[in-house]
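For clarity, chains are labelled A, B, C, D and E in written order, and residue numbers in each chain start from 1.
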Amino acid sequence: MTPLIVATLVAASLVGIGVYGFILHPHPLRKLLAFNLIGGGVFLVFGIVARRGSAAGLPFDPVPQAMVITGIVVAFAASAIAIAIIVRLYKLEGGVDLDPALPRKSDGESTES
Amino acid sequence: MMELAANTPAGSLLVLAILLPVVGILLAFALGGRSAERIALGLAPLSLALAVAIATAVARAGKPVTYMIGGLQPPLGISLRADGLSATMLVAVAVIMIAAMLYARAKFGVPEGSGESRSALTFWVMVQAVWGGLAMIVLSSDLFNLYVALEVLTFAAVPLVCIEGRPEALVAALRYLIFALFGSICYLLGVALFYGAYGTMDIILLSQQVEAKPVVWVAAALMTTGLLAKTALFPLHLWLPSAHSNAPAAASAVLSGLVVKGSFFLLLRLWFYVLPALQAEDVMRILGALGSVAILGGSALALMQARLKLLIAYSTVAQIGYLFLVFPLAAGAHEWSHIGWGAGVMQILAHAFAKAAMFMSAGLLAESLGHDQIARLNGAARALPLTFLTLAISSVSLVGLPPSGGFVAKWLMLQAAVASGQWIWSAPILIGGLMAAGYAYRILTPALRHGEALLKRPAQPRREAIALALALVALGLGFTPESFYDFIEIGRPLTMGPSP
Amino acid sequence: MNVQPFLDISLAALVIGVALFTIIAKDEFSAVVAYVAYGIFLAIVWVRLYAPDVALTEAAVGGGVTGVLLVMAGKRLDVSATMVVAKKPSVAFSAFVAACSILLAGSLAAVILSLPDAAPSLAPQAAAAAQGPGAGLGNPITAVLMSYRSFDTMLEKVVLILAVVGVWSVGADEAWGAAPAPFGPATPSDALLFLAKTLPPIGGLIGVHIFWTGADEPGGAFQGGALLAAMWMVAMMARLADPPPINSRWLRLALISGPAVFLAIGVAGAMLAGHFFAYPSALAKPLILFIETFMLLSIAVALPMLVAGPAARKGVR
Amino acid sequence: MSLAIDAFTIICVAAGVFFYVAGTIGLIRFPDSLSRLHALTKADNLGLGLVALGLLPRASNFPDAFKIIMIWVLVLLSGASAAQMIGRALRRGRR
Amino acid sequence: MSALSSVLLWATLFAPLALLAACFVARWRTTALALQWLAPVPGLCAGVLKLTNATSSMETSALGFTWKLDAPGALLLAVAALLWIVVSAAVWRDRAPDDRFGISWLLTMTGSLGVFVAGDLVAFYLFYALVSIPAYGLFALTDDPARRRAGAIYMAFAIFGETVLLLAFAALAAFEPHGSVAIHDVMAALPTSPWRDVTIGMLVAGFGMKLGMFPFNGWMPLNYSVASIPVAAVLSGAGVKAGVIGLIRFLPGGAPLEGAGIAIAVLGCVSAFLGVAVGLTQKNPKTILAYSSISQMGVICAALGLAMRDGAFASSNLAFYGLNHLLVKASLFLSVGAIIARREPLGGLSLVIVSALALSLAGLPFTGGALAKLSVKPYLDGVWASALTTASSIGSAWLMAHFLLRLKNTPDEYAGETPAAIITYWRAIALGAILLPWLFYPAVGDVSKALEPIELWSALWPVAVGAGLALAQRGFDNRIPRIPPGDSIVIYEIVFARVSALGPALENLDTRLRHWQVTGVSFVLITLALLSAAILG
């Protein structure tokens, strides 16, 4: 069972590291990486669950593993959209700040709609 | 052995209700151009008919309609299940989506002879994706399938936010996307833990097995907060005001009226369908408290906005807060739970219709006046009477004045609060209503005063009528018959049913 | 003596270390590089969890294609050069967030370890069904993806289409219909050209092989598709090919072919097998392979298009 | 027979590991990027080659053996190309 | 129940609603609005029918609501309908006001008539809202700062009252064991409700806002000072009576309720005397009338409170008091309007009539006021009560005499909004104010009692004293400190300004909350909170 304990620690650490980076790092690209780290941790949890469910001659429970495959593709697609927006913003504005500006003039203060 | 679920007659309708928008997405994307719009508008009535048929089937059977995909029983297969609540939502979604589509034709319609454009294709594909995603959310009975549905919804909603391509809109969309992804991944983590503990993702099977133990609580907490983030419950609303105010009106109507309800619906599923046996009253209270803070904070902030669309967006923050009072007011198997549940569902519906109508009106107003500054609305009601009539009627519902869905929701909420002895919840309900009256006053009174409003573009009666129709639905919800409240209890576990 | 635990722990330390570096790296480019390395290490963790299919997917999609996506984005953002990061959180705040994160991770680890020893599993049912008339597939994961949870899989392909539309939707209006910006400079290096000429035939073959054996062995449409996508991207980097214009009819048909065929057969199942997304038992395996062929195509086209980004005007990169 | 195969495997893999270690040390210790590149490619080419060679007799059938060789060939191909490109980039950067 | 009464009850509601529906068609709108003086006619007939045939029950249901007319409702409905007919006809006779005004008028009228026939909580709440909120459009939709201020304050109180009532009604409905919302059923369940006293408190507060009861009295003088004459007449006459019928309908009359009753009585007394005291410092006749309304409504509350203490009140008596006030106050406002429209003071018979009506509020013998006082007298026995009643009569007389003396100085602001038709039409209401109480009094008591000498004397002397005091006041009137109209409102406005000043700070807070790092921490903290609540709970 030791590999499972190690994997558990890896999964939990990835989630923790991801959450930390997700909250603290201001750059959107880094937030995206952090999100993917959390994703990796979550998928590992599925993997651990799958491994624990080895039965009937299978070394794993195939259902969670199949879900991970779906999940990885979805996470990739999400990253692609985020990257596209970030790149576009760099082209238009030269940078991205995800936080609203502090004084009254908040995001989208344009008069035209 | 667990009771084996079986397909019920009309079960195939559930699959079709999900597949129809999917077919629309694929065809619209493949054919593009003018066809995208035609396909979306052509399939919409069919989807509405399906929704009505499903609701009728549920009402007639008096129990949920189910379908096992591929003929496979859960836990191995995925099952779809339409109960009273999901059937209701399905119909509401269909009506609002059709209204939004018709409304959007003026902006995203592809005129004869012109080629495909970026915004048009995006809109017609994504709007169907929102529909499909919502249909999955209300019908699916499998937690992982629901995760895919959540992502469909996110992927559809984000491009709608930045469809106009302005930098502010892009920032808003990015903020929304990243935070929503974070929310979904937390939800997914909870799903993994549930599977680890019980080896199934099926809502019904889980609800029969769950017990109060740490892994369930961690899973529930993660899923809940993840969904709160996607629902933009104050103080997790960082994305909502900018996203909803930067999207074009038709999209805002859908986003504010329906999309946030999607993740909220999953919260209902989680706490009222998966975990009701645990009777987690403290959790319910925390959710109620967060909702109260949202009501007060959102309303106060709405009072201060200079722009109409931002005001409406903050009003959504507040109205979302009301939704969360359903947790303390409808949990458990008490006599008053039935009232609280009715209140919550009515609040979902009333807000969906009223808010969609408001955003549409705000869009028309901005198009006609060339701005949406509240301070410069003097005399606008005379220039755009139908638009302001719509705003007024929707406000009546938001404030909770009779006869309107909003009134019924508040009325029932207060009754549940009083009957359950939880007077404390009546304070946010009432203060929120007062502040809603305040911001409605801010919009309506200057517009009704004298003054000359210069129209940059004449009023568009056809689109005004669409918004007005939605507002009238919000009003008409005030006349909901008693039987409706029994209908939405169909398939809800642990209920007392209607009081004798 | 057993060195396995030692190797496991080293691997774990490596993954965690690289992940940590991804977060604390000074510049974004280092973070991106670290992330790609992390993807590869994670794939090995998956092997250790007896999940070869996931390992393949993680390596191909999580590490490979995501890596290309991130590196290309990094190049386009020129992140290593300029980035405005003004707000540096205070140490106390960082510590607080760290404490929160540790608490979260700790509770997560605790509950995973507290899972019941007699783990619930669908493996017996899945195995039984996979052998039975339902699917006839040797690889239970393919059976789950293509049969028991085919609904998820089909919808996930739709998600890919939505993502493609989403990526395209952030482009400039006037560029709509044109091709995305090319992957590389007009004059690629000789080495790249050589690689692009030699690798794709082999890689393509391997991709098809992985897909084909996926019915019974680890692998399948996902992994094969990702490999084909990678080969196409190598060719595009060397400018042997360029991304197709986004209004090209064949491109769109290729993209929807996977979910469309899946959906069509799923609906046909209602007539042929009595249930939506059920297969007639005699035809199960051929039908699944038929669907997977188109999914392979969809994935192989969708992933590079997601990396390529929105349409660009001529001459704009 | 099996003893001979075992010995062959051990010797080859050990030699491969030696090259890997040497390459890694080089990667860490060498002063500039070009020399690091040099160290890295040695590890890839020779280290992996020897490991693959050592494992070859242990393959149970021909397709498996073929796969092992393919791994080496592919890494060689991509490693060489990558090194070439990095080198070129370095030279361009230096100019 | 006869078919006729059923039809009339229906028509009471649907006549105004039909006109309202007609307003949606632009072509019909002007005609519909001009014809709205006809809309209250069915209400008038229904009221009269009920009064002539008191035993028949009038109850029907439509739109899922219950509609019911009882004796007190009929008293008020009949005269309110009369008032609406006359004033609407006057307003629309010469020149139609603009559509906003017309529709607001129609909505207010609908609500004003509807509250008297609403038989269940929801219907009552609906019409109560209608009589309160659209009235804003009758005077505040201008750029005139005084009107805007008055409008905002009016709206704040109206909405606040609605809010409190909503909670009260919800509490009423929640403890009705069978889920009925009929007023009759919920009131039957109220005495056993665990939250009885809280509910009563909220009901009094909610209706008190409409009645200008202390401390919610500030909006009324502001409103009536700036409203045009017809608006002031219908609001002070008919509009306020929605509060009266509310109290009558929703305060439990069955069993003695000592504490609640006395509390209400005290509040009523305070209002009664506060109205007089502040009113005496006012110059504008319209403002004085407003304070008189505050005082009169205080008397009703006091009577009602004392009746509750004893556990027996005949709601018709209180309705009768309201009826008299309705007619008298409306005709007084209209008389002010007549002065404004004529641009010269009243003289001759008109002045006599106005004086009689004004002093009627103090209970001048042979007026409706004397009957009104008589009708609530049974509840005001006891040493304290009768002393206070007398004092209140003196005060009213003083205030109304003050009003009569200030009448010639009526400022003619907003004169353009006073229709000339008022000059003739006001007499109809005045006549009604003189005659109708005599006509309707038999429904609540014995007319002959009002004519007994002892009663005449006890009614007369306080009026004389009050009038004398008013004459005396002229000597030092200029030295009296002027309390700004709306008195306590100034304090509310300061508080409101203070609270509003927090706005920017709140926005700043919101911006900070929407910062990524803060949101992230909130996210984690919420998760941990949910987790610990679940595990510990």
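Everything below uses one rule, namely that a contact is a pair of C-beta atoms (placed from the backbone, for glycine too) under 8 Å apart; a residue touches a chain by one contact, two chains touch by 3 or more.
The structure displayed is predicted, hence computed values, not measured ones.
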item: Touching both chain B and chain C (chains); value: A, E
item: Most central chain, Cα average position; value: B
item: Longest centre-to-centre distance from chain C, chain (CA-based); value: E
item: Pair exhibiting more inter-chain C-beta contacts, A-B or A-C; value: A-C
item: Most distant chain from chain A by Cα centroid; value: E
item: Separation of mean Cα positions, chain C and chain A [Å, integer]; value: 13
item: Where chain C and chain E are represented by their mean Cα positions, the distance between them in whole Å; value: 71
item: Chain D-chain E separation of Cα centroids, rounded to whole Å; value: 95
item: Centre distance in Å when chain C and chain D are each reduced to the mean of their C-alpha atoms; value: 27
item: Sites on chain D at which at least two other chains make contact; value: none
item: For chain E, residues that touch 2 or more chains besides their own; value: 504, 507, 514-517, 520-521, 523-524, 527-528, 531
item: Multi-partner residues of chain B (at least 2 other chains); value: 76, 144, 148, 151, 155, 158-159, 162, 170, 182, 189, 193, 195-196, 199, 214, 218, 238, 241
item: Which chain pairs touch, all of them; value: A-B, A-C, A-E, B-C, B-E, C-D, C-E
item: Contacting residues of chain E [partner chain C, same complex]; value: 517, 520-521, 524-525, 527-528, 531
item: Chain B to chain C touching residues, read off their complex; value: 7, 12, 15, 19, 22-23, 25-26, 29-30, 32, 67-72, 75-78, 115-119, 121-122, 125-126, 129, 132, 136, 144-145, 148-149, 151-152, 155-156, 158-159, 162-163, 165, 170, 189, 193, 195-200, 213-215, 218-219
item: Residues of chain B that touch chain A when the two form their complex; value: 76, 144, 147-148, 151, 154-155, 158-159, 162, 166-175, 177-178, 181-182, 185, 188-189, 192-193, 195-196, 199, 238, 241-242, 245-246, 249, 307, 309-310, 362-363, 366-367, 370-373
item: Chain A residues within the chain B interface of the complex; value: 15, 22, 28, 31-32, 35, 38-39, 41-42, 45-46, 48-49, 52-53, 61, 63-64, 67, 70-71, 74-75, 77-78, 81-82, 85-86, 88-89, 92-93, 96-98, 100, 106-113
item: Contact footprint of chain A on chain C as seen in their complex; value: 4-5, 8-9, 11-12, 15-16, 19-20, 22-23, 28, 31-32, 35, 38, 42, 45-46, 48-51, 53-54, 57-58, 61-62, 65-66, 69-70, 73-74, 76-77, 79, 82-85, 87, 89, 93-94, 97-98, 100-102, 104-106, 108-109, 112-113, 115, 119-124, 126-128, 140-141, 143-145, 148-149, 152-153, 156, 159-160, 162-163, 166-167, 170-171, 222, 299, 303, 306-307, 309-310
